[in-house]
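Per-chain residue numbering starts at 1, and chain names A, B, C and D are given in the order in which the chains are listed.
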């Protein structure tokens, strides 16, 4: 397997994540799809690091993970508060603000 | 044509204009305080102007005197000096204007005695005299134009003097507008002179007019003629003049008979050097004159309003004058002589008519007159003399001056000359007819007065000017043609008179004219004098009569050709401006607003559709960048 | 032995001040007694931001790359850091306003309590205030200041998250209309995370294409490769998407109106002013430093996006009936105007154009004006909080001439009427664009300004020319903080309009990237 | 004394005055208007002093002051006047006090304060002075746009029933034009930076540079659109009837009298000298707009039922004449156009004022609501007539001189356009006299009619309604009542003739109308050098269009 395959896989994962954001209604799932996108990036980074023979990309992947973790904290807090108020985590229910 | 510097009294000739102007200013600004003596001031300034004019004329001695006043407008290559030209021609007009003007001012003291706005009437009259004097005294076309429109303004104010009457207000407006149409011609003529010659002064233009191309001169001549037609009520702009009779009668006498309406003749005579260069334009002047004199004469035959008859008569008589000046050098003097005598007898006739109306409680319908000869002797006699002078009764003034014009027409020698002469003679017959009709309906026959009318002679302040004008009507022709020939007085202006070669002997013409006139009188007597005059106009009349009553449908033509299409165009444009131009702007705003709400719908509030738009945007951005780098 | 990278603490002083204050704020939140927390938090946050402002002013003229090459402390960085710190301090003052809302704060007392529950209703009127917004905001300010100084993409990403995460949170902390506020937070968060993913993927692609994430290295790579290959271009595209999202440029603007409307007004003010500055700082740095040599690749893109943004902002703003939403669309349009300035890069690849200085000036002017405008919004209230519906502003000039006058000034500035800062800013960016031959864009921009002027004018018409409604809103008497903010922003709006010379000069002199 | 900064003072005094008026406490309305009058009179005095200090034969720009303002943009706060700007300053100086007195007793709608009116008015005056006195294109632009704000508030706060629509329309139209011009202003700067190495906005420097013809056309169009909207030329005119109709009379006078002149002033000051080639190339198209405007707007004026709209449309026609004069490129015509700008300000200003006085009496703007006013208010009718006659350019009024100069100067170079424009003078007579006849002539009728006595036969009741409408004297009330009682009571109007204050408004304007009608040369002497300079900029012979130059030259 050449490195290109990893890159293509990552791209596919990224696309799946993006499509997931578009088609899923549950906020948690939508958020997980975003996480999937981030992880596809990690895969890309690691692949490139491997290709260039440096560890920069791997280090970057760690950074991304840390940031993603922070994002989860914030995101879950926000989604939770919404859920507790509305008893629903569907993003489609939250459309008071429009036009 | 040397111009002499101003000296002596003539240097003060600007006072001629300034005096009546000051009178008008005092009367208008002074307000009610001047009510008691306003008319005296108004009359006094004109009398003083007349005296000054007379003295200046006596000092003139055949010179042309230029009076420089101040720089009116000077910019670029245009230089318009405010200056006066006092020469025999303008002197004649000054005397006519101030002389007849003074008499009519005096008459008005009586005529307007009971009008609460008499003061303003005199102010307007003074304003008119000042503007008219500027018109004839200016030494360049711009000054002439200023006076030209000035008299138009005065005419407007005076026609609309009784402005509560919608008919008066409308007539005034009509007069002003039709005059403005003519003024466009005059203005364009001035522009053309400036464009071609770089000057608008008489001296400059007349001195260089010979260098111009024939077409240009013809164009100038025709444009000047358009102006003249407007002011003088000539075809095709004649329709305003009869309506102008809505004004007080002294106004009709002074402005719409004796002076202002003859300004067109003055203009053409003054522009003789231009017309001398362009036979084409002169031929058009002739045609206009001949046509108008017939139109006026025919329309005059069928009117029942005494002032309208006189108005159409004026139209017709000015037609004679146009005919004369259109003939060129041989006709200028004849035309001007007729202008002067016409000034006397027509003013006298109008004042007489005013006197009659005064007596008849402002009734103007001749069918309601009759038998006034015994009640108003002075009026009858003076009016009768004016009448005789107008129809060309031998040895009264009209006889001399009208015959001279007809002679001159025949003297052209060609077929056109005979045609014009024939038309002029025919019109003389018609003149005799309608004037006799007027005399018979007014002064003879059985009284047909409205109940409660008690005719009485007018006061002396009114009859005295009538008497003086009647004397003028009788003598002026003889004086101007035989005793002190106008021809020689005007020699410095028009050059030595050529010895006319008569195609038709003058005596033959005179006899012919007199016979035709007698026929006209006889016919009138047959129609009117023998029979009882019905109090209301008969309805079932021949188409000719109907056409004559409606002045050959001039108003109808104007209305259907200009007024109604104009109104329609105005309405259409208002609609277009509101819906089209403004509508486009408002439509643009509406489109923006509409697209705003439609685009706003894309902002659905669903986070997933936002994400989709971002993804779409990202794809487009990536695609665009790739396209740029690849391409 | 690992050699520590060279770090110039002096050059990092502004960042240290702000982040330090944020950390202290967290400690205060944890340990200080509840009743002194609010003043202490405000003081700490203000000290931090003002310290950041002062130190960055002191750094003027500094040009160096530090922290192992991860940070650039150069003219634009310092100028924008100072701008962010200053605008941040003003926003914090708005946060600290206690005399307008009867409940003494614009922020919810307990965010965890479900909106509409009995407990929530109880807390609604309680004078209890929560103070976690101050350290959160201070972190966001720090993130923004880091964002504009980031000299490599990873730092940029981290800064992006540092500034974003607190913003997501504080967007949802409104005391009133909590449903809207929470919805705004969710939308902002989800879309923000989505955009971060794009940015990050772009980072990865650029890393793959050039082997580095250092801006200067990317610059060399893109120059040498004449276009830089598909990976680099795709990477640039995705990076741009991530940044444009933050800058609320159409078509990545969709979140803006909703979040601006739903978030607490002081937070909206903060976002509108500071986020915009930070995002454009990053955009400028990315495009000018990393991709400055291949300007021709992104020029058409920015051109197009600018037009879309201006048109969308101006046209959609026309039919808005909510003032906050209207200002959001105005912000989208202004992002478009700013992009015209970005285009004034200079036709030679050396970046001699006047676009950088002009854009920075515009950011400063716009930030001050927009904070002021939102500050005025907080004054006009009815029983349910701020009265942001347009109809409620009818006849405001009759009730409170001063409020109306101040608002009118801000609106005229936003419309770009001469003698206000908005005009100077517009002039500067348009000049830069025309200088670079982009005059058709400028014509579009001017027409868009005219369209946008309509909705600004509509507010003025309502305030001045309409009869006031009988049950209209009340005009709150602002406390010291809001008064201070209004005084500063009004002064700045006028001064930058009438005598902008000095500030323009500073922006112009600062307009040189290191790298 | 010539070092005194007249222009700066003329800008500063009304601005400070505006601030002072605005700062007055509520309720001091009387003080506010006295202050406004005082300030405006000071400006008039300054304008006169400026004229005295100005040497007509001297440098093109005089009384210059220049301070560096925004060095980064190369902007100077540079003021200076040539003859053209100077006469406009005089016009401002005259019109503002007149407007103040004319608005003396205006009652604002709602509970607004007239203090704001006076403050905006003075601020507007300051801006107007600035726009004409600026010799820096940027500064000009700043004043050009800033001027909108006070006018916007004057229309929007103190105007008629549709004032909101009118105010927004006015502002947006002008703003669109202004923004397009901004693009051109910036473009000009960029061009100057390329040509001179350093960008500048100084008019004199910009005038010197040669601009590529293609660029010139674009820049010309940018400026032209702004000025054509301002002036307004058809088809950019539809804002003016709305603004003119809805603005308070004082605002309308300044709007049409001065503000719109900025457009035509801009043509002369900026379009012609800066873009001579483009001006020459595009002149035929401009002339089409100008002449179309003369005829089109005149016809539209006839079709209006609202008097203020009607007067606005007449102004559009007049602006057509001004544009014709400017783009004929002859000294005579352009001098005429500048003179027209002054004269139109006076004449149309007077017409607006007197229409306003009539509206103040009847409370309606519709022509059809009036009739026969002349019978009972002769002074009002007289002033109305003079204003109307000045509007139709009757000789003896000031407008004649300018219209005549425009036409006679345009004829040699543009005969066809001039002939068409000359037809416009007939239309002018029509719309003026139609308006005059409908409102002033005829039997009394319309909204001013006295209510009919309740019992037609009851002559005793007529005494109540018989107020001494003509003001013939205080003690005459009883007398007139008894006199009129037996009469069949012809319709009478409830109308007062001009008051002393209204006379004070009208008299100076009428005096100027007449004085400039007979002796315009002093103004022409001021204007001509600047026009000649402009003509040589644009490549026309500044000596005028004298035909057969060699023949004339030998004299």
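Here is the rule we use: a residue touches a chain if its C-beta (ideal position, glycine included) is under 8 Å from a C-beta of that chain, and two chains touch if they have at least 3 such contacts.
Since this is a predicted model, take the numbers as computed values, not measurements.
Shared contact partners of chain B and chain C, listed by label: A, D. Between chain A and chain C, the least number of touch steps comes to 1. Annotation: B-D is the more contact-rich of the chain pairs B-D and C-D, by number of C-beta pairs in contact. Ranking every chain by how far its Cα centroid lies from the centroid of chain A, the top place goes to B.
If you average the Cα atoms of chain B and of chain D, the two centres end up 35 Å apart. Rounded to whole angstrom units, the spacing between the C-alpha centres of chain C and chain D is 45.
Measuring from the averaged C-alpha position of chain A to that of chain D gives a distance of 66 Å. Distance between chain centres (mean CA atoms), chain A to chain B: 95 Å. Counting partner chains per residue, chain C shows two or more touched chains at residues 186-187, 190, 194, 257-258, 454. Within chain D, contacts with two or more other chains are made by no residue at all. Annotation for chain A: residues touching 2 or more other chains are 18, 21, 30, 91, 94-98. The list of touching chain pairs reads A-B, A-C, B-C, B-D, C-D. Put simply, chain C touches chain B in their complex at residues 186-187, 190-191, 194-195, 198, 227-228, 230, 233-234, 236-238, 240-241, 245, 251-252, 254-255, 257-258, 296-298, 300-301, 304-305, 312, 315-319, 451, 454. Every residue of chain D that touches chain B in the complex is listed here, in rising order: 234-235, 237-238, 296, 299-300, 302-304, 330-332, 335-336, 372, 374-375, 378, 382, 389, 394-396, 400-401, 404-405, 407-409, 411-412, 415, 418-419, 422-423, 425-426, 429-430, 433-434, 437, 440-444, 518-521, 524, 527-528, 531-532, 542-548, 552. Note for the complex: chain D touches chain C at residues 68-73, 110-112, 141-146, 148-149, 152-153, 156-157, 163-164, 167-168, 171-172, 175-176, 179-180, 182-183, 186-187, 189-190, 193, 218.
The touching residues of chain B, counted against chain C in their complex, run 589, 592-593, 595-597, 599-600, 603, 605, 607, 609-611, 613-614, 616-618, 620-622, 624-626, 628-629.
Chain A meets chain B in the complex at residues 18, 21-23, 25, 30, 91-92, 94-99.
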